[in-house]
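Once you scroll down, you'll see the structures, which are given as structure tokens.
What follows is a pair of complexes built around chain A, which joins chain B in one and chain C in the other.
Right after this comes the complex of A and B.
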């Protein structure tokens, strides 16, 4: 079952690389923000899977929780900044 | 290969499928709002399914309660951030894509 978690994490990592295409080449700031938000969501699940692989879930679940909070705050901050600025 | 792992497999595979669908939508859709539509809904459901599967595999403990708390938090936070960023895009004057305007951005 550790192998199953490992292959699932590797699949999610390949999806992160695919999202990174939109993060690097995406036209404009807004596409990049959306791509980074999607990458952060996938990273949260990858962190929990790493916890299950290393058998230290009680430590990795706190890191994952903090990552979810930071991802949310970062997206909200960028959105408010662009909204007050008024142009892309 | 115990019963908790067997019960967790469909949730994890479903979560991976919705992550895949959201990524394909983010890469292939023609407009910013379409891409946000794909990731905003797909990632929410995928995170929900993945975290429910992982908490089933963990069993009943404080750790699985924390995992379920992350699931509830993401269920609230992901639509909120999607709404905020799409409202910012609309206030910045980004026109939604129609079939008449063939350009991709």
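Right after this comes the complex of A and C.
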């Protein structure tokens, strides 16, 4: 069962690389914000899979909840900044 | 970043989320010695809830909940709790922040006194970090210029 979680995490990691390409070369700021948000969501799932691999899910749930919260606040802050600047 | 947004989705989501974020921050502070987290991490989450309130509800409404003067008072109060517990251990004849001597005051065994002492220190650190995080964001979002100066001089954080 550990191998299953490991390969699932590796598959999500390859998806993170695809999102990172869009975050670096993506045209416009909105594409980059969406890419960073998607990377954050995938990182959250990867953290939980690491918790399953190390058999310490109760600890990794705390970390992933904080990660989701900060990702949410960061996305809202970037959107608010773009709204004020009027670049979009 | 200080203007009031008129998006009802953002305001409603923030209004529903903020109590749960603060409750989770208190959990992180209280369980700092059993699970990942502690005073600094819980303080950052607690400060993030206030920052979310400032982003969604605007500067004027956020100043009613947590103004710059209050942030300065809270940060000083948190440092006072931290250094007060440390100096109390020093007065009782032990090293700085050596909580074992607190068992004479709390009337518990030294192991439990160490647990309670580190909990008090983490509460102080959490309050200080929350106030400083909010104060930094407050200064950045206003650019250091406040519209009115009816609260005296601002030198918190």
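Simple rule for what comes next: the second predicted complex is superposed on the first by the 87 of 88 C-alpha atoms of A that agree within 3 Å, B and C clash if a C-alpha of one lies under 4 Å from a C-alpha of the other, contacts with A are read in each partner's own complex, and residues count from 1 in each chain.
We adopt the following convention: a contact is a pair of C-beta atoms (placed from the backbone, for glycine too) under 8 Å apart; a residue touches a chain by one contact, two chains touch by 3 or more.
Note that the structure is a prediction, hence the values are computed from the model and not measured.
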**Asked** After lining up the shared chain so the two structures overlap, which partner does A:27 touch, if you call chain B first and chain C second: first, second, both or neither?
**Response** first
**Asked** Which partner reaches more residues of chain A, chain B or chain C?
**Response** B
**Asked** A:65 contacts which: chain B (first), chain C (second), both, neither?
**Response** both
**Request:** Once the structures are superposed on A, label A:37 by its partner contacts, choosing first (chain B), second (chain C), both or neither.
**Result:** first
**Prompt:** Looking at the overlay, does A:75 come into contact with chain B only (first), chain C only (second), both, or neither?
**Reply:** first
**Request:** Go through chain A and flag every residue that touches chain B in one model and chain C in the other.
**Result:** 58, 62, 65, 69, 76, 80, 83
**Request:** Report the residues of chain A in contact with chain C in the complex, numbered from low to high.
**Result:** 58-59, 62-63, 65-66, 69-70, 73, 76-77, 80-81, 83-84
**Asked** What residues on chain C touch chain A, complex-wise?
**Response** 1, 3, 5, 10, 21, 24, 28, 35-37, 41, 45, 48, 51-52, 55-56
**Message:** Which stretch or stretches of chain A touch chain B in the complex?
**Reply:** 1, 4, 8, 11-12, 15, 18-19, 21-22, 27-28, 30-31, 33-35, 37-38, 41-42, 44-45, 48-49, 52, 57-58, 61-62, 64-65, 68-69, 72, 75-76, 78-80, 82-83, 85-88
**Prompt:** If you look only at chain B, which of its residues touch chain A in the complex?
**Reply:** 1, 5, 9, 12, 15-16, 19-20, 22-23, 26-27, 32, 35-36, 39, 43, 46-47, 50-51, 54, 57-58, 62-63, 66-67, 69-70, 73-74, 77-78, 80-81, 84-85, 87-89, 91-94, 105
